[in-house]
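Look at the two complexes coming up: subunit A is in both, with subunit B in one and subunit C in the other.
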Partner chain A sequence: MTDDVSPTQSFSLDGDDLPFASGETILQAATRAGRYIPHLCWHPDFAAHGSCRICSVKVNGRVGAACTVQAAAGLEVESNTPEMNRQRKTLLQMLFVEGNHFCPSCEKSGNCLLQATAYQMGMEGPHFEEFYPNRPVDASHPDILLDFNRCILCELCVRASREADGKNIFAIGGHGMGTHLLVNSASGQLGDTAMSLDDRAAHICPVGVILPKRRGFVIPIGQRRFDLKPVSQQREGDAT
Partner chain B sequence: MCPNRQSSLAAAPELQRLLARYPPDPHALLQILRELQALQGWLAPDALGQVASELGLTLAQVQGVAGFYRFLHTRPVGAYRVLFSDNVTDRLLGSEALLADLCQRLGVVPGQLSFDGLVSVERTSCTGLCDQGPALLINHHQVLTRLDPARVAHMAELIRARVPVPQWPAAWFEVQDNIRRADVLLGAPCAPGAALTQSLARGADATLAEIKRSNLRGRGGAGFATGLKWELCRQAPGTEHIVVCNADEGEPGTFKDRVLLSRQADAVFEGMTVAAHVLGARRGFLYLRGEYRFLLEPLQAVLQRRRAEQLLGTHILGQAGFDFDIAIHVGAGAYVCGEESALIESLEGKRGTPRIRPPFPAEHGYLGHPTLVNNVETFCAVAHIAQHGGALWAGIGTPKSTGTKIHSVSGDCARPGLYEYPLGTPVSRLLADCGARDTQAVQVGGPSGVCLAADEFERRIAFEDVPTAGAFMVFDRSRDMFEVARGFAHFFAHESCGFCTPCRVGTALLVKRMDKLAGGHGSRDDLDVLFELDRLLHSTTHCGLGASACNPLRDTVLKFRPAYEQRLQSLDFEPGFDLDAELSIARRMTGRDDAAAHLENRT
Partner chain C sequence: MTPPPVYAPVPLKPRKLKLATVSLAGCFGCHMSFLDIDERLLTLLELVEFDRSPLTDIKTIGRCDIGLIEGGLCNAENVHVLREFRANCKTLIAIGACAINGGLPAQRNQRDVGQLLRDVYCAHTGTLAGSQVPNDPELPLPLNQVHPIHEVVHVDYFLPGCPPSADAIWSFLNDLLTGVTPQLGHKLMHYD
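After this line comes the complex of A and B, so read on.
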């Protein structure tokens, strides 16, 4: 990314002119300008992934993922429209039924990007039939709990562990509906890896899979990040 | 025969010999895993660990790759692994009854390993033998065609007697070419080297100009202008350029590339070598789908002969500096690997997940090098154009769709097989020529393509009307088009790579709803949900697999609506939840087996 934002370089986001730096994606440019485009698998510190598709926008009439589409002068981008928000809501509902999300009992509640985005999109129910997958919890690590029930396969932990921590603790296995997170050890257990609570990967998970132990409900539900302000009114990178 | 269940540590010398044949390079991972499994039957954890440490990968990375491909096994499997091809055309020919018969004879449940570890019987996506089905694949190596009850009965005996597969009756392995109508591509093969000699004489620039003059469009489905793709790749900066032939041919109902690879391998390799000349490429790959493993040795022999004939290797045809060779990579059962960026990931030894585009492979492909990916048929056409000139090709077909196109015809017709016509030929002509009668529908281009009803049979097969990747499946009036669409829905869910939300979850939801309709529990509301999924998948998925997953559903609901309506139990909401079915597990656990327990109907 470069910083040579030239005023002549701009595209339109929901009718407003938005300047961008060359090399930026639509989502990067929007975020820098303080504009909210819903997203789950994108994080400003890592390369775009393009898997959750929550950031889908219409670019000159065709749908694309805002985190992967390069900004270009003159693009007409539609994001906050009833049509795109309806599609986002459906994608969120898909993620909710695919895993097991019991928000009221989840330590991440109020700090969870999936939950906050679902509120933002006005999701009131699952709409689809639940899959109720069987995903056992991994409590083998002294400081970190893995509750796979909520994994949305955003691969942020995979990327953080590889790129920020240089450890490669995680990988993706399986295919189709059987796609799942793998832990790198002969036992497959986190306790047998070099994972540390200081790792970037220990704090990147947007949902409640990778949780520090013995911190449960330190901040009461109701006073947590997304309880205070909806996700659309927060800046990317604010503390969780 | 695979020595099954042998501890992989006991086989360590085998593994060492195998690893020694490959450079200690993570990009060789998939090829190593495939060959290791061929030696040991399955991929045991300690073997995966050894491979990981040799290649400098983590165990989880290796497990992630092994778990992605349908033909790799991380659990013990039978000494005989029988995979019934499960395209709709195999079903029309009775594959389901034959599968049930074989399972019954061997005393196994589909999808489960027999108690003695001898055999497992399962289904697999289309094996590309639709014109001579029902077909099956055994031990991911040999294919059996034209199955019938007698063959199945005999096969069960051979398995029980543990007769090695290569000793089974040779007639069972016969794969026919079934060329019913040949034009330029399927006609008499050109002399090896003829096209290459012409292009060398013409020079790289002029050869590219001929390809552009021909207006050839890619035959792998998307129909991108071949000359333009070559030019973009040629202009892309890089230390080297790569030429890839896409022989993944995973689209159900398509088998033309299989015949081209058997009959016209020289033309395919020659087209690739012409591309190498134009691009200045030194390395080429043929990515051969795992289902076509039986073609590997014959193809290697053609490559070897071409090397001896100075048509590959260094100083090709005596031209200093023209060095190019082709390696064959064999896939391991994953339809998505036909998508060009997933194919490149797979070539690099990774999970076959499609990449973010741009950058396109032409700029940034295999190991970051500018990479040209073309279909098998495209390279055959290139060989023809390089030899005879672009104008001749441009004179065939229509102005927007030049040249000929090969159709893989199967289903309800008297003469299934390959038919090559100029583009622009009406569907009705194909139907008449293949001896189809009382036709209700034709699925053109496979499940990702379009389903045409009788009032559309005068439409023409061409990029500007009905485009195709080569499949042409015929259904007569006795067929249930809902069941056809349901089979395709299962195909897409089975083949989704699992990377993006809409496809991973959406294809599974599609299957659930279609199965609910099939079970007689459907309502209008379910149809609405299906339409909603169609719109969502079409626009939001990461690659073309998810985007086309609802095509068969949409076409058949629109064109064969009664097939759906007769399955709707009510016009209002009907719950998919069945209380009795849900309670049946609890009833079984508590030992209830009275009449009201309904256990006999449940699985």
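After this line comes the complex of A and C, so read on.
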């Protein structure tokens, strides 16, 4: 990715001309220009993953993930349209029923990207039948707790641990409905890894799976990240 | 011949809408948040009349315009009451996290319900020796799992929050009563 933006290179996002640098994806170019395209599994510091599909946009009439489609001169991109936002709401409803998202008792509430994106898309209810998964928590680590029933399989922790921390502590295993987050230790327990609270992976989870122990509910209601401003009006950054 | 009498037109008073409310597997917190609209309740009472509700003494629900359901489904009686509400209410609203996705009571879905009952009624510290799980047919049987209400009946609107704030409830009801599709927006939309 280069930073030189040639003014002749631009595509259209919801009718506005947007300049881009060669090699950039639609989501990167939009984010740099301060334009919000909803997303969950993309983070500016890591390579795109393409699993959540929340960033889906229409590119010249066909649906693609804005985090993986490269920007190209003259593309017509539709993002903030009733049709795309309706699809995003459906995807969010699917994520909510797949996990146990009981926000009233979740210490990530107010700082959670999934929740904030659902607010943004006007998701009032779940629409689908609840799965109610039953995966035990992993409390084996002295400083970090894992609640797997809230995982959206974004792989940010996998990427952060592998690329930023060089520890390779997390992995995604299983198939289809059984796909789930794994801890890379012989016992499968986080306590048996070299995970530390200073790791990037300890702070990257956009939802309430990887949580520092004894730190829950420290921010007063009204001052949590997404209490202050909707996600569409915030800069990118770790969802802590 | 006497001319036919001329009647002055009787001014039509708009009929008050009928509102029913109920708490199923709820904590009554959504009802308390409803009451948190404070003196706006008096304004509301000019527009609606309460039917069956924990706030009235009416035992069975009549034909209603709006039904507010708090709480999810945890036992057989909840399901029965919910069906009655659906059959009688033109517009049915799931209010609060419990009615919407089961809420915190649905955390019991990770446990076996029989084991839970035995733990609480027989094994728990403080229970007398020989204590049994209550088995009188008067008591509704618990369901295997807690469910949100939309898994049993059609729900017209969801009003999220645990509980939704009084302002959210007020704004929602105002939209509904004036025929506008309720929209909460960033300030009023929350799940916690």
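Observations, loosely collected:
Operating definition for what follows: the second predicted complex is superposed on the first by the 237 of 240 C-alpha atoms of A that agree within 3 Å, B and C clash if a C-alpha of one lies under 4 Å from a C-alpha of the other, contacts with A are read in each partner's own complex, and residues count from 1 in each chain.
The criterion applied here is as follows: a contact is a pair of C-beta atoms (placed from the backbone, for glycine too) under 8 Å apart; a residue touches a chain by one contact, two chains touch by 3 or more.
These numbers were taken from a predicted model, which means no experiment stands behind them.
More residues of subunit A lie in touch with B than with the remaining chain of the pair subunit B and subunit C.
In the overlay built on the shared chain, the residue A:23 is in contact with neither subunit B nor subunit C. Shared-chain residue A:173: touches subunit B; no touch with subunit C. In the superposed model, A:48 lies in contact with subunit B only, and not with subunit C.
When the shared chain is aligned, subunit B comes close enough to touch A:186, but subunit C does not.
Of the two partner chains, neither subunit B nor subunit C is touched by A:142. By the document's definition of touching, of the two partners only subunit B reaches A:56; subunit C does not.
Of the two partner chains placed by the overlay, only subunit C lies in contact with A:134; subunit B stays clear of it.
In the superposition on chain A, contact of A:70 is made with subunit B only, not with subunit C.
Subunit A residues in contact with subunit B (one complex) as well as with subunit C (other complex) are 97, 129. Against subunit A, the residues of subunit B that register as touching in their complex are 45, 49, 58-61, 63-64, 67-68, 70, 334, 351, 356, 358, 493-502, 504-509, 512, 529, 532, 535-536, 539-542, 576-577. Those residues of subunit A whose C-beta lies close enough to touch subunit C in the complex are 96-97, 100-106, 109-110, 115, 118-120, 122, 124-127, 129-130, 132, 134, 230. By the touch criterion given at the top, residues 94, 97, 100-104, 106-107, 109-110, 145, 147-148, 150-151, 155, 157-160, 162, 183-184, 186, 189-192 of subunit C touch subunit A in their complex. Listing the residues of subunit A that touch subunit B in their complex gives 48, 50-54, 56, 62-63, 65, 68, 70, 87, 90-91, 94-95, 97-98, 128-129, 131, 152-153, 168, 170-179, 182-186.
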